[in-house]
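Quick heads-up: structures coming right below.
Each of the two complexes below includes chain A, the first together with chain B, the second together with chain C.
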Partner chain A sequence: MAIEVKNIVKKFGSFAALDGVDLKVADGELLALLGPSGSGKTTLLRIIAGLDWPDAGEVKFDGQDALARGAGERNVGFVFQHYALFRHMSVFENVAFGLRVQPRKIRKTEAQIRARVKELLDLVQLDWLAERYPSQLSGGQRQRIALARALAIEPRILLLDEPFGALDAKVRKELRQWLRTLHEEIHVTSIFVTHDQEEALEVANRVVVMDKGKIEQIGTPGDVYDNPASAFVHGFIGESIVLPVDVQGGQVKLGHKLLNVEAGNAVGPSNLFVRRHDMQIGAVGEGSLEGTVRRVRTFGPIQRADIALSGNDTLVEIDAPRDRPLTAGDAVSLQPRRYRIFAAS
Partner chain B sequence: MSAPLPLSPLRSASSSTLTEPRWIRGTIIALAVLFLILLIVLPLVLVFSQAFSRGFAAYLRALVEPEAQAAIRLTILVAGISVGLNLVFGLIAAWAIAKFDFPGKTMLISLVDLPFSVSPVISGLVFVLLFGGQGYFGPWLQSHDIQILFATPGIVLATTFVTFPFVVRALIPLMQEQGTSEEEAAISLGASGLATFFRVTLPNIKWGVLYGVLLCNARAMGEFGAVAVVSGHIRGETNTMPLLVEILYNEYQFMAAFAVASLLALLALITLAAKAILERHLDPNID
Partner chain C sequence: MSAAKHRRTLPGFGLTMGLTLTWLSIIVLIPLAGLVLKTFELSFDQFWTIITSRRTLNALKTSFGLAFLAASVNLIAGMIIVWALTRYRFPGRRIFDAIVDIPFALPTAVAGVALTSLFAQNGWLGAPLAELGIKVAFTPIGIFVAMVFIGIPFVVRTVQPVLQDIDREIEEVSACLGANRWQTIWRVLLPSLLPAMLTGFALAFARAVGEYGSVIFIAGNLPNISEIAPLLIVIRLSEFRYADATAIAVVMLLTSFLVIFAINRIQRWSQSRMVRP
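Coming up: the complex of A and B.
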């Protein structure tokens, strides 16, 4: 089911949690809402689910007004950050809940309900836990039961709030993989909220980057990583080296030093953003920045070096391939290979 | 830094530096035990010994007296209605206060506590002012031949008022701690508001509800001040057990007074035991 969100505004007191948000989600997409805490991503998710109401704007499911319907009538599966499993019900009854509360006319028979719950527990590979209670499960198991419960009502949209937020790193990685596979199997339009950029880039088809109640950029993981639309996105997704520069007449200067980079549209005080691995390291004279290596750490295929820029107190951290070993004390030059310049705000 | 210190090598040191000398500890404990015996155990023993002072047969005779029987019946009736009303209102009030945000919420919480901070006698007097012959609704009630004061309705009203906070107070912290996400999950799974309340909210607070009802009932059966003001002390009609105890005592029928009192004391003991059991269920570390 396609979702369309138009000009949504939501205020809590004087704080604008959402400040004019527009978003279109195509049928069958797996979309990530990515942003720091307080960016409004969870509020947007709750408004789509019908758990919160916007002060202004529209939400449409396949062109139909969703705001005219309550949460229970939207046929949306919602997975809560802390799972919100019914603590007094067994795993089986948790998953069966959505089927048991259906109106009598369309409610399944007990045998059908049992079969469906069994099927869902098989899907999340936890059928052996059916008689346990939520307090007896691990975090990862609770998360999967919460997902099975949400899927029981055959939702047309699946919404997940920080689905892996409370799990340890290893379980998290497994569940991510698993969510991707699951989405390929059942292909329901899904939106998940996360503050973890790696998670968003790895799992989603498209990523929506949010900050301060607004959407900063929408694009594929490759897009938002390689072509960040704003300083915020560049800084939030992937780590960046940020150098304060001054742009005058197409020339970019760091202090008094002229840099051999294109100014683009920026004018006046700006920031130069470079990914750690996009800083080309060479012998003195090869690049427009010069400095001294202070410290080197090697792991895997890269070496990470702290380099103190000359004539300037700035310490930058770069990633270089290991084919040209660096040692502390080396004088080197740096040249941004790929970079972006955004006017300083 | 916060790792627990190894206990064994320090124990001998700590027992001499961190605690008082043995004789001080002994004296303090003895004082506490003495107080406990003097103020709690002794009166309780006294109630039962007085009640049985002329043997078990006399005790039973005192309890089957028509007046005593009427008082017991009235007390049970009043407590039953009051606890029932407070259960319904308490659930609604606690639900609204714990699960929703609305203007005037702090005000409502203070209002709920009001019966605790007002003297029961004043609580009773309020109803006299409202429904008494010279009260606001008195003339209208009289002309329609409706008896509230000096009758069961008045006693029920006064008792309900005085015991109102028990259920609410037991539930608010519990419901606040549980939050609203389970309810939201139920709603988004298609459950109606009522289904959500009965299938999710209520089962989660059932021990808290029982706890509140238990305390509410103990207070309702034992309430004296407010009931004394509105009852009118009509023998065999508007005397509850606590009122009857006082009347019998003032008439020097000590054995009968203590026999009725022993029932109230028994109620207190049962309440205490039930409370201890319920608290085990309410403890999140156990349940």
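Coming up: the complex of A and C.
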């Protein structure tokens, strides 16, 4: 089911959690809402689910007004960060809950419910836990049960709020993979909220980057990483070196030093953003920035070096291949290969 | 025997267990044993006659019956109060929260006098009720009112922390899954609250059964009508009929024990469904 969000505003007191948000989600898409805490991503998810109402704006499911309907009538599956399983019910009963509370007219028979729950537990590969209670499960298992429970009502939309946020790194990685595969299998329109860029880039078809109640950029994972639309996106996704520069008449200066980079549209005080691995390291004179290597660490295929720029005391961290070993004390030059310049806000 | 056998991560089991047993013995077991022993001064026939006498039976019926009724009312009213206090934010919430504790703190005699003057036929509430033909003070209804008064904090204070601990998310999930409000309360919230509700009920009941101070002022204390068992015990004591007094006390003790034991079992059962070992 397609979702359309139009000009949503939501205020908590004087704080604008959402400040005019527009978003279109195509049927069958797996979308990530990515942003720091307080960016409004969870609020947006809750509004789509019907757990919160906006102060202004529209939410449409396949062109139909969703705001007129309550959470129970929207046919939306919602998965919480902390699972929110019913502690007094067995795993089986947790998954069966959505089927048991259906109005009598459309409620399935006991045998049908059993078959459906079995099918879902198979889907999340936890059929052997049916008789257990939530307190006896690991975090990863609980989250998969929560997902099975949400899928029981055959939702047309699946919403996940930081679904892997409470899990340890290894389980998180497994579940990410698993969520991708699951989505390919059942193909329900899904939106998940995360503050973990790696998770968003790895799992989603499209990523929505949010900050301070506004959408900063919408694009494919490759897009938001390679072509960040704003200084915020560049800084938030992937590690960036940020250098304060001054742009005058198409010339970019760091302090008094003229840099061999193109100014683009920026004018006046700006920031130069460079990815760590996009900083070309060379002998003195080869690049437009110069500095001294302070410290070098090597891991795997790269070496990471702290370089103190001469002229000002800025310390930048760069990643370089290991074919040209660096040692502390070396005088080197730096030249940004790929970069973006955004006006300083 | 190896030294390892004597090691525990939490030392002090012997000491604390010894102190626990000694303390419980001095404070609880020995006095109760003395009570039971005292009744052995009576032959079984005498004992039976005392506890099956009309006046004793009526007093026991009044005490236990009204205590049960009062605890039931407190359970329902207490749940509503807990709900309002934990789920909503309103001005004066903290004051209401503090008011709940007053029956804990107020000397029971003061409560009795206050309730009596309130419900007496010329009292603020007693006068309008009298016009409707309802007499509260100096009747069993008065006993019931006093028991409700002293029992309410027990339900509120035991259920409140449990309801506070239940995440809003639990209810939200339930709503998303299509459950209506009633189904959410009935299938999701009440089962989680049940153990605490039973504890609150048991405490309110036990307190009401044993209540003396506030009840005797409002009860009127007519034998066979509005006389509670604790009062009958005091009357027997003042008549120097110690064995009679203890016989009634033993019956109260056993009945209370059975009721609380039964509630405890139900509680265990409902809890074991929630957290299995």
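Quick note on the criterion: the second predicted complex is superposed on the first by the 345 of 345 C-alpha atoms of A that agree within 3 Å, B and C clash if a C-alpha of one lies under 4 Å from a C-alpha of the other, contacts with A are read in each partner's own complex, and residues count from 1 in each chain.
In this text, a contact is a pair of C-beta atoms (placed from the backbone, for glycine too) under 8 Å apart; a residue touches a chain by one contact, two chains touch by 3 or more.
Given the structure is predicted, the values throughout are model-derived calculations rather than measurements.
Colleague: Following superposition onto chain A, is the placement of chain B relative to chain C best described as a clash or a fit?
Modeller: After superposition on chain A, which the two structures share, chain B runs into chain C.
Colleague: Quick one: classify A:133 as touching chain B (first), chain C (second), both or neither.
Modeller: second
Colleague: By the touch definition at the top of the document, which applies to A:87: first (chain B), second (chain C), both, or neither?
Modeller: Touch partners of A:87: chain B and chain C.
Colleague: Looking at the overlay, does A:51 come into contact with chain B only (first), chain C only (second), both, or neither?
Modeller: Both partners, chain B and chain C.
Colleague: I'd like to know which partner A:102 touches here: chain B for first, chain C for second, both or neither.
Modeller: Once the two structures are laid over each other on A, A:102 reaches both partners.
Colleague: Under the contact rule defined above, give the chain A residues that sit at the interface with chain B and also at the interface with chain C.
Modeller: Comparing the two interfaces on chain A, one with chain B and one with chain C, the shared residues are 49-51, 70-73, 76-78, 80, 82, 84, 86-88, 97-98, 101-102, 149-150, 152-153.
Colleague: Can you check the complex and tell me which residues of chain A touch chain C?
Modeller: Residues 49-51, 70-73, 75-78, 80, 82, 84, 86-89, 97-98, 100-102, 132-133, 135-136, 149-150, 152-153 of chain A touch chain C in their complex.
Colleague: Mind pulling up the chain A residues that touch chain B in the complex?
Modeller: Touch residues, chain A against chain B: 49-51, 70-74, 76-78, 80, 82, 84-88, 97-98, 101-102, 149-150, 152-153.
Colleague: Residues of chain B touching chain A in their complex?
Modeller: That would be residues 181-182, 184-192, 195, 199-200, 203-204 of chain B.
Colleague: Which residues, counting only chain C, touch chain A once they are in their complex?
Modeller: Touch list, chain C to chain A: 167, 169-170, 172-180, 183, 187-188, 191-192, 273-276.
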